[in-house]
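Same chain, two partners: subunit A is paired with subunit B first, then with subunit C.
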Partner chain A sequence: MSELSVVGTRRPKVDAVAKVTGRARYTDDLRAPRMLAAKLLRSSRTHARIVRLDVSHALALPGVHAVLTGADLPIAYGILPVSQDEHALALEKVRYAGEPVAAVAADDEETAERALALVEVEYEDLPAVMSIEQALAVGAAAVHEERPTNVHRAAALEFGDVDGGFEAADHVREDIFFVHGNTHVPLEEHATLAEWDGSKLTMHTSTQVPHYLQRALERVLELPTSRIRVIVPALGGGFGGKCDPFSHELTAAKLAIVTGRPVKIALTREEVFYAHRGRHPVLMRVRSGFARDGRITAMEFRCLLDGGAYGSYGAASMLYTGALQTTTYAIPAYRFEGLRAYTTKPPCGPKRGHGTPQPRFALECHLDKVAEELGLDPIELRRRNLVEPFSWTVNHLRITSCALEECIDRVVEASGFEEKRGRLPHGRGVGFAVSAYMSGAGLPIYANELPQSEVQIKVDRGGGVTVYSMATDIGQGSDSVLAYLTAEVLGLEPADVAVVSADTDLTPIDLGSYSSRVTFMAGNAAVEAAERMRALVLGAVAEQLGLPLDRLVLRGGRALDPGDPESGVPWVEAIRIAAASRGPLVTAGSYRPPDLAGPYKGAGVGPSPAYSFSAAVVEVDCDPETGEVRVEKVWVAHDVGRALNPLLVEGQIEGSVYMALGEALLENHAFRDGVHLGPSLLDYKTPTALDMPEVVSIVVESDDPEGPFGAKEVGQGVLLPVIPAVANAVHDALGVRVDEVPITADKVIRALRQGRVGPKRLPDFPFRDAVRVDPPAQWRAAP
Partner chain B sequence: MKPPPFDYHAPATLDEAVRLRTELGPEASILAGGQSLIPLLNLRFARPSALIDLRRVRELVYVRAGQDGVAVGAMTSQRELERSVDAARLCPLLREAQRCVAHPVIRNRGTVGGTIAHADPAAELPAALRVLAGHVTVRGPRGERRIDADELFQFHFTTSLEPDEILTEVFFPALRPDAGSAYLELSRRHGDYPLAGAAAIAAGDHVRLCFAALGPTPVLVESDDPADWDAAIEPAGDIHASAGYRRELAAVLGGRALALARERATGGAA
Partner chain C sequence: MMRLPPFRLLRPRTAAEAAGLLASSGTDTLAVAGGTDLYPNMKRRQVTPRTLVSLRGIDELRGCRAGEDGELRIGAGTTLRQLVADPVVTSHAPALARAAALVSSPQVRTVATVGGNLCIDTRCNYYDLPEGWRASIGFCLKAGSDVCRVAPGGERCWAISSSDLAPVAVALDAHVRLVGAGGERMLPAAELYEDDGIRYLGKRPDEILADVIVPPGRGLRATYRKVRQRGSIDFPLLGVAAAVRTSEDGACEEARIVLGAVASRPVRCLEAEQALAGRRLEPGAIEAAAELAAAVAKPMENTDLTPLYRKRMVQVHVTRALAELTELG
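Right after this comes the complex of A and B.
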């Protein structure tokens, strides 16, 4: 790989200048002729039956063009086929304060807002269900009445001989943890502009998943997808918060059809808190058996998720809470019991790390406690249990490239962890944790055997290259990555490559920007398309010039024999030769991950064509009198396979650390009397730039055999180890445990009095006997 | 969508502003630096019929240092007061407290009179004014009058100004030469509202403390006994901290601020 000219070089994103100069056009920047503005009336009640809904006065207001209620959009939808439980506007009852009840399209937002005040809603209140405990209590109000209980999904799985593993253990420990929910806070609030020309719907919208939105629109509006076009303009951050089809999108589309005029809905910051789909609050119990030498003999993980009012990705979130524990440690026997409950709060969904930061917090704090009990160094305990590269886990996950051990070595060395742990003055401490994350979900959201990413490449007569892909650049740099990969293969500069992305009419399928899948999947498709273009062009050039094909390469804007730099022709000439003999210069590539799902229900969650690995050390300075925790410095080593652009990789690492620190210390999706307590950036405390400590990013490259140029994910995995590393550092600093996130100052003070702050028990739930699954044939216990 | 509709007036003189204040009645609001009012408008928590913007009233922009203390025009930016060498010399507490107020961009726009008149009990300058035993000058249709800090702060966001009066000057008495002072606070984020703040002055056996964010007004206590502090404060619990935790902070921050003030009084660093 020594001859790479683009891959591995530091360069700004292709859209960086447009974004920092304000030239990039986001959805809310768009205007259409005769455009109407629409607003959603949101429920003021937490849980209530809609007894009467009268929109006649709103409709009569001059300037109002249409008013919709639930009855106008009666078809249920949801991102997952197993959870079609949402309606664009509430039907019959509301399940959280802030749920959309009616929509008004008017000449402008002022008029629409005045009309909302004229909608008459009579509610009959029902008991609010605001926590896991309340949801599971006997006699709890039913959030969804057609269901016998508030249990949305539950699963119990057992891999290997768990009871035997515990019997063989010299030491067994059990711990209980809680992670409060939090939300994404993208800078851009969701917005959508719908246009209807009489037969075709065009949506410009801030979504991470244009393809899935197109499917939801098809279902709810009963329009064929051939007559639905979804385009994603510049997008100002998603982090998982724009991965669902949303009420405002379906409603704007319907209003555009009803009025025959373009309709825009732009959510306010407050409304984004109700749209939510953020981190699930999760109550967890982890129990592990250990041999005297620190080897894990068995592990049991039970978790209860507070899902909010609707399904969203919850069925997957719940399984993710149990799936990836085995990807860092060779756990020989593993039992997972998980449950997601409905509550009367904004729906939870996927946030950076989807389902896995909560169990990772629990697991990494648990291991530190075990190490302390066994008298082992916490890093040594982990080293004795590390997963091996190119192995299988007991729950049927295929591990390929894995530089976790190198990540540990490098982060420990850079931070001086061993010299600092237990040796800093009282109040100061260091903490450590590791994690792994998927480079794309192995399975699509709806079952199919089609490619998950396709890319087309077209070369024009002037030599310009255009890459077409539905991959959605949410700020992570996917347009840039596609340009880098294509330029690398074709021997060009990224500036020579235009990327057309995220438009369902123009671009071939990509399932969306979620599960850290785009670099791996769209990237592989782009490499394949580019390699086909290279073969096409070089074949024609070899023929024309009478040169042997196997001697020719594309490099530095020429087709040439690398042994003879003067040979060959410039790129523009090469493509003229190719077009003359081969016709249109158009190629395509695709990617579909290998079939990796194990033989059990729920096995679709967890498999990935490759996993990234991370290790983190956090140093804190705690004030033992006020409980204030200040993070002084963070070191992260991340196995990204290969850094296609180290600058972007470091950006993702720093962004993940930032988000993790907010979750670890500050953020909380809090409610009182069923109402969100701080739906604004004033009350919802996300860190400022001045709260960021220094971050040392260490990029580790394991060169994945299946990733594009060896690359794996970096968008999410880094967040995971930072949160438990903070908790472990607080313990090193003060000798007490806060087994609950966020770790706020008042909890630290309480822990200093009590030794520990955190949940003491899980509410009882009669899980079914676990489904026993044999470990995969390739699995073997560590020698 | 931004603020609800309102009429807008930008008088050039204090006289004109006072006349408008009377004419437009209590439904109108005074706009100073806008660092609190504009967010309240945008969140639609405030719906005034009219705004009287004082930014053109240049006669209210000054920092006048005298032997007794510092007189600050109500429309002086907080940043200007923070950077005033005279103010820092006469009342070192001011610069220390100002630096806890949000960020420089906010202090560039935020005014000294605005933060005092807004009377947010979590704000820093009201606590500083009260611990220093300062006063304000207000002007209304009946003329000018002086209100002592002890009388000024009535409740959350409530002062003893009449609805037709405008705050024109804030006076911070100079710290006695034998006294030391300190301001400390704890906030969840850099520059955020404090969970609790403590201003302290120590001169010999005499001490004055004033707590921010621990009651409906800045809470003044003339005692070095934490039990007295605890009896005086009325902290409320919210999503950011419990009332109990805020009580603990009062003891810790009060103790630290007082120790620092005493250290400075006896010749430690200013």
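Right after this comes the complex of A and C.
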């Protein structure tokens, strides 16, 4: 691919200048004439029945235009078709402190605030359910009374002969881990501006998924989607926290319809902690069997998720805690039991890595412990079990390009891991881990056979190219990627390509920015659309100039014969020729992943057209007296298929490392007495710039056969290995284990006194017998 | 967090004028300097003064000067950023500059003042959150209800003294000059504080803190150590200020060990100080003193990390502070 001129070059994002100069307009920057401000009244109770709700005094306050309660928006919704269990405003019950109960639209925010204080609510308290243990306890209060228990979803799956695998093992080990759960903390708080013109609703809103929001609005407001337009302005970070339809979006829409005036709701930072949908707390048990040489003979995972009050993506999150363990290691027999429980806390959902960082933390720490017991080098243990490129996993996942081994080699060499492990002074240590992640979920959220991404390209007479795509740039750079890919195919500069994105009226479908799907899926659609445009333009030029078509290319702003650089015509001339003979210069492309789901219920979670792979080494300096863990340096190698823009890839890697270190050492979405412990940026500890170590990013390119120019995922996968690598490094430094994250200083001190800090048992739960699934036909047991 | 509630801003030119305004305007008037403590508290509706008396236009509160005898005078309006960089301060009271450098973030230090730092409200994680949140826990003593959420049995508030400068000021035996409506007076820094999370200041509300006066050092060596979870922004989970003067032969003539963030005011570790008297600062003596210091600290469950951990850290950091001073000697 030596001919590439855009792909692979380092350049700032197309919107970088607008963002750093403050020119970019975020939802909360928008003003509309006659706009009202709305506020949500949030429950002060953790779990309670609403006995009385009287909004008359609030409504009577001068300057108040409308007050809504649950009865005004009675239709249930939820992001997944299987979990339609949310209401825009609480109906009869509140299920977490902070749940929206009423909404007020007023002349300004101050008036709305004052009106909220006039809403009278009488609650009848019910017992709070604040943990997995409490949710599963006999006689626990029911979070959703129509359900017999607090179990939201449970699954038990078995691939291959697990019992046989354990019987054949020379060595079996079991470990228990806990991840406390954490939240996204996007810099931009969620905001929505809703406008109703009498027949059409227009929403400017900070969402990662305009298409899914449009569907939720359609359902709850009973409006056809043709009357709903969702536009995403500049968006200041999502990380999965803006992937659900939210109360403030549905109520702003309803308030706009009721008042006939534009209505804006901008959440406060405190409210963002209640909107949540972040990382599930997960209690995990992993058991695995090994042959004497270190080969895995069988593995078993049991994962109990604390879901919070509503379903959100939880049914998928639960399955994700079991799905991807097999994508790094060739596990011949695998059993997964998973359960998600309802608790009276803000709902959990997808956060960067969605459901997979927790089990990855467990698995990679577990493997280090196994290696220690077997007297094997931890990296050697992993090498003996590595998944093969272009193979199938026992749970029916198709692995294609895979440079995991190269990632390991490079990161081990760059960090000097082998020379350092066990040899650094007491208090200093290194840790290692690997991971893999999807380049887009293979299946959409609601079952359909349609393309998951479509892209249109239009070329104007001046040669300007416009790309239309519903893909949502949440700061990850998807607009930039679409511009790069289109420019590459058309032989132009990215600056010649305008991107119109995330507007349901103007742009063709894309399912949204989640599961690292956009570069792969919208990218493939853009490449197809651009290739069609190239064919169209070159066909016309070849005809006009009497040149053989197969000799012509688009390069450097010209249509030319590369063998004869003097030949051909400039791009603008080529466009005129094409427009004259071919009519409107408009093309489209689309992408739908191959059908990859295995033959079992739950198989929709896990398949992806390609996986990224990564390996990390973390070096820490621990103070044995204070328990403080300082991360000195992080090395990561990431197989991203191809770096479309290495600068962007490195940015995603560094951002992932940042987020991973916060989760590993500091962040805890904790509750006390039923209430969020500290919904503020002072109390909730995300790392500061001073807590960030040097990061060495090693980009590994495996050139995926199905990705756009060989590209795969970047941005989620590389978060995963960093967390267990920190835990493993702390162990190397101090010889003790903290088997839960965050690994705070007080836990390190406790571990130094008692050898280990971490959960000791899982609450009992009678899982049904696992559904037995034969490995795929392509599965080969290792020789 | 909500936006700031509306208020009237008065801009006196002298400290006496400011004190007069505070005395005459009643309880819903407060002084404000940098506002980095007060404004967030107002946004959370912990206080809702109708009138603020800004101290920023008062020239006499500015500047740091050292007298010929080595006495250091720091104007209360000096910003922490200025304090950190002022050569008069770094040479006469380096521990104070060090503590100031550990306050919050560069942005906050640019507007935060010394006077404001010494007077910041006590903190508690049942209290320092927005009004709606406090309502959901039923408020607490400090917020006007009748129960303390940390120690429900008791009658008092245990909110934590969280100033980084206060323990150092006490350890250096600094005094503050207070200008009130009825005249001015000097007060030892230690007496500026009460052991009560609600009425935490030992001064009248109309009294303006005008200067901090640090006596001549005469060989006193001092340091400050701070425990926090992150490299920036966070309030202290523990502050340890230590000051010692040793004789020619290394024997300890004077020692002051002051803990921040373990109670509602800075806490002096008198027994630890006495244990050091006349002894050389050797590991044995240091360890014994650190143990005694830890016994004084009674952290509660109202900030980050566990009370047990924070108590353990007293011993570690007093040891380290004293060891540091040994090295300096």
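The criterion applied here is as follows: the second predicted complex is superposed on the first by the 783 of 783 C-alpha atoms of A that agree within 3 Å, B and C clash if a C-alpha of one lies under 4 Å from a C-alpha of the other, contacts with A are read in each partner's own complex, and residues count from 1 in each chain.
Definition applied: a residue touches a chain if its C-beta (ideal position, glycine included) is under 8 Å from a C-beta of that chain, and two chains touch if they have at least 3 such contacts.
Since the structure is predicted, the reported quantities are computational estimates derived from the model, not experimental observations.
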Following the overlay on subunit A, give me a clash-or-fit verdict for subunit B and subunit C.
-> clash
Comparison of subunit B and subunit C by subunit A residues contacted | C
Is A:P687 contacted by the first partner subunit B, the second partner subunit C, both or neither?
-> both
Taking the superposition as given, does A:T626 touch the first partner, subunit B, the second, subunit C, both, or neither?
-> both
Is A:L677 touching the first partner subunit B, the second partner subunit C, both, or neither of them?
-> both
State whether A:A97 touches subunit B only (first), subunit C only (second), both chains, or neither.
-> second
Classify the contacts of A:D561 with the two partner chains as first (subunit B alone), second (subunit C alone), both, or neither.
-> neither
First (subunit B), second (subunit C), both or neither: which does A:R45 touch?
-> second
Which parts of subunit A are touched by subunit B and by subunit C alike?
-> 109-110, 113, 268, 625-627, 666, 677-678, 680, 682-683, 685, 687-688, 690-691, 744-746, 749
In the complex with subunit A, residue positions of subunit B that touch it = 1, 39, 43, 103, 186, 188-192, 195, 238-242, 244-245, 248-249, 252-253
Touching residues (chain side subunit C, partner subunit A) in the complex | 1-3, 105, 125, 128-130, 132-133, 135-137, 149, 227, 229-235, 304-306, 308-309, 312-313, 316-317
Mind listing the subunit A positions that touch subunit B in their complex?
-> 109-110, 113, 268, 625-628, 666, 668, 670, 672, 677-678, 680, 682-683, 685, 687-688, 690-691, 744-746, 749
In their shared complex, subunit C is touched by residues of subunit A numbered 42-45, 97-98, 109-110, 113, 268-270, 625-627, 666, 673, 675-680, 682-683, 685, 687-691, 744-746, 749
